[in-house]
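Shared between the two complexes below is chain A, which pairs with chain B and chain C, respectively.
On to the complex of A and B.
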């Protein structure tokens, strides 16, 4: 390691340590977060637009910041291997994108079901519907009920912070679930922006598997591996009931995470101008585009507020209900064809005809602010 | 006291009782405890534990691997106090030595398992039980099954942050708190 790092609390690294400006890409922001996360093991398999970040993490291994690193055979092998490393009591990181996410998808519920605080970056892209490597976040819809916590970053700053915050939240004994930190690939990974970074001579304190709600696969931790097998796969009512209770416990753990998300991420949502009758609710880079649209609308005298949805799982149902209490129009712009965020919001609200699922942009197309502005104006006209 | 609408009380609650966390029950902060879904002072929770144990027909302590194995500093001292707690309360001890589902059939006379804890409770007609030294995930899995299918009153003594699915739950259990609980039970017994 080039420099000696001091172990510090999440509160120190996230809230107290001074920060300096860096002009870096989202991929570089991932490496900067991993550098400060005290990772035991990281395993990679390349896929655009994730490749650069895991390449940079390989450099961190060469520099001594990570204890172990290798390239696995494919994305499923990566996710299975980090599962193993985490079962052994290690803190792990990996990342993937689009088709890689779907190829590996069997492992995500396994992580959650095994109560593993793995943090995984998802640099979202198209998923061959038709083939595309371009930005969109349709892959998130496939993971909504995988049991993992899901945070959606607006920009490289969020991406950096959410990775470190992800460990702080995931490793709480009453949570202990995997965290997926999602960004819209290319828009965030491949563009430079100012990111405020804490010093590189501090890092998170090591993960303590002794506080885990399940025993680590570690010969020093009783009752060692005999406790974890076999899983609940017998065909009888008792097995079904145990499986159901186990599944409920995963959902309960996600519910408990809200307290820590509120602490570390300052809420599951962020609301600007909450009294506005017209709100735009968005996540990821659609938030940044919405900010631009709102600036134009305000300049024209149209009062519009913003809900930035940071936590997709757990979903901020009550928070969105409270924030939209007085809203007459709720526009939900998204970078995917399915409109999963609008569906989630509609399912949370009474009078959900207020929710307009548009604009939906995908296939790699950008989302000009004018599209959002037009949706707002169209909705106002329709109501008049 | 912070009152919650959903009450975590003795069952049988039904086919698939909800996780209390999803019904709005929050875990207590340091210095507090949970009593039937409400956040209360630790002392109040201890009083309730003492009352329940002293009035029980067949109270049983279920020590888990974290207390059965000498795996970390301080475990032996804690285990000795758990034994003392059983003696003072007049409770039996049935261990949860590991978490494997036991097939084809568990011997409910000698052990309990988190995947089918109701079998041991039914077989021994246990009306009050204490979980101690059980990893949190497995305690929560078991506590819901017990609430669903039995009328047993559940108490958890947790070294971490506690369990919403127990009727009484203490958090940050250490030797000092365990000794205080024993003292309160002794007082309750003699009163």
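On to the complex of A and C.
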């Protein structure tokens, strides 16, 4: 390691330490976060647009910031291996994209089921319908009920912060769930922008596996003690009940994570101009594009507010209900064909005909602010 | 000094449009303004179309992705237009009214139709012999992106030329942490191998930028 790092609390690194301006890409921001996260082990398998991040983390390993690092056989192997490292009591990080996410998908509910505080970056991209390596976040819809906490970063700054915040939240004894930090690939990973960074001579204190509700595996606590009979498929009522209560406990842990998300991320949502009758609700890069659109709309005298949804799981149902109480039009722009965010919002609200699922951008297309502006104007005209 | 501007840079893979955008963005940010810079998102290869985008403003820049409606277009190679080596056809599509176009060419290359398209937009067009200047003052065509940057600063008051030169030094000195794709890393090594020392590379590039800057400064005054 080039420098000695001092172990500090998440509060210090996130809220108290002074920050300096850097002009870096989202991939570089991931490496900056991992450098300060005191990671025991990271395992990589390359896929665009994630490759640069995990390459840089390989460099961090070479520099001595990470205890172990290797390239696995494929994404499934990566997710299975980081699970093993986490079960052994280590703090782990990995990342993937689009088809890699789906290839590895079997492991995500396993992470949640064994209550491991794994943090994984998802640099979202198109999956094969038809093939695309371009930005799109359709993969998020496949993970909504995998049991992991899901945070959606707007930009490189969010990406940096949410990775560190992810560990702080995931490792709380009453949470202990995996955290997925999602960004819209390329838009965030390949864009160079201003990111404020705390000094590199501090890092999170090491993970304490004794804080886990599930004991870490070692020679005296072999895996069979934890996953033995009741949760496997014995056909009797007791095993079903054990399985069901374990499931409920995962959902309850996600519910309990809300207080920590409020503390570290300043809320599950962020609301600008809540009194406006027209609101745009978005997550990820669509938030950034909406900010540009709102600037233009305000200049034209059209009052529009913004709801930035930061936590996708747990979903901020009550928060969105409160924020939209007086809204007449709720526009939900998204970077995917399915419109999963609009669906989630519609399912949370009364009078959900107020919710307009548009524009939906996919296949790698950009979302120029003009598209959102047009959508808002169209909705106003339709209501009049 | 102009604050809010969106620039689209188009060239051939290997010419340095991504590096040029990186350097310009770095200069703008170190001058205390805001900028976001990104390449065209996709697989890159040498001599295939390559694009990069620079947004700069005196307020935070949220917008990202391809710039569909640029204020200024920089064409790093004539083939972008003459051979259609471009993601956007015609090359000026989306250009805002009264926009500016810089083309790296020693002589006019536009067809009548293309010229009419630009005239309709009231666009201003400059031909810059950027490769010629790069050969003359840096001894390699790989410095075309440097002369294009110098030429840009001579034409438009965006950022002090010295700040751009500092950003070049930062980019190549190895002092700043810089992540390159595999191909960019190879090209970095290639350009470095052309000079005995990195300091010589920076010195030659500084000369090339300055000469191109002076070239367009004069051009601008005579127009």
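Criterion: the second predicted complex is superposed on the first by the 371 of 384 C-alpha atoms of A that agree within 3 Å, B and C clash if a C-alpha of one lies under 4 Å from a C-alpha of the other, contacts with A are read in each partner's own complex, and residues count from 1 in each chain.
Simple rule for what comes next: a residue touches a chain if its C-beta (ideal position, glycine included) is under 8 Å from a C-beta of that chain, and two chains touch if they have at least 3 such contacts.
Values in this document were obtained by computation on a predicted structure and should not be read as measured data.
Contacts of A:176 after superposition: chain B is touched, whereas chain C is not reached.
Of the two partner chains placed by the overlay, only chain C lies in contact with A:366; chain B stays clear of it.
Using the contact criterion defined above for the overlaid structures, shared-chain residue A:105 touches neither chain B nor chain C, since it reaches no partner. In the superposition on chain A, A:17 contacts neither chain B nor chain C. Look at A:214: by the touch rule set out above, it reaches chain B but stays clear of chain C. In the superposition on chain A, no contact is made by A:337 with either chain B or chain C. Look at A:77: by the touch rule set out above, it reaches neither chain B nor chain C. In the superposition on chain A, A:302 contacts neither chain B nor chain C. The interface of chain A with chain B does not overlap its interface with chain C at any residue.
Of all residues in chain A, only 21, 23, 25, 27-28, 48-49, 52, 55-56, 133-135, 155, 186-188, 190-194, 285, 288-289, 291-292, 364, 366-370 touch chain C in the complex they form.
On chain A, the positions that touch chain B within their shared complex are 115, 172-174, 176, 210-215, 220-223, 226-230, 232, 234, 238-239, 241-242, 244-246, 248-249, 251-253, 255-256, 259. Touching chain A in their complex are the following residues of chain C: 22, 25-26, 29-30, 34-39, 41-43, 61-66, 68-69, 177, 179, 181. Within the complex formed with chain A, the residues of chain B that make contact are 16, 18-22, 26-27, 65-66, 68-69, 71-72, 97-101, 103, 114-116, 119, 135-138, 140-142, 144-145, 148-149, 160-162, 164.
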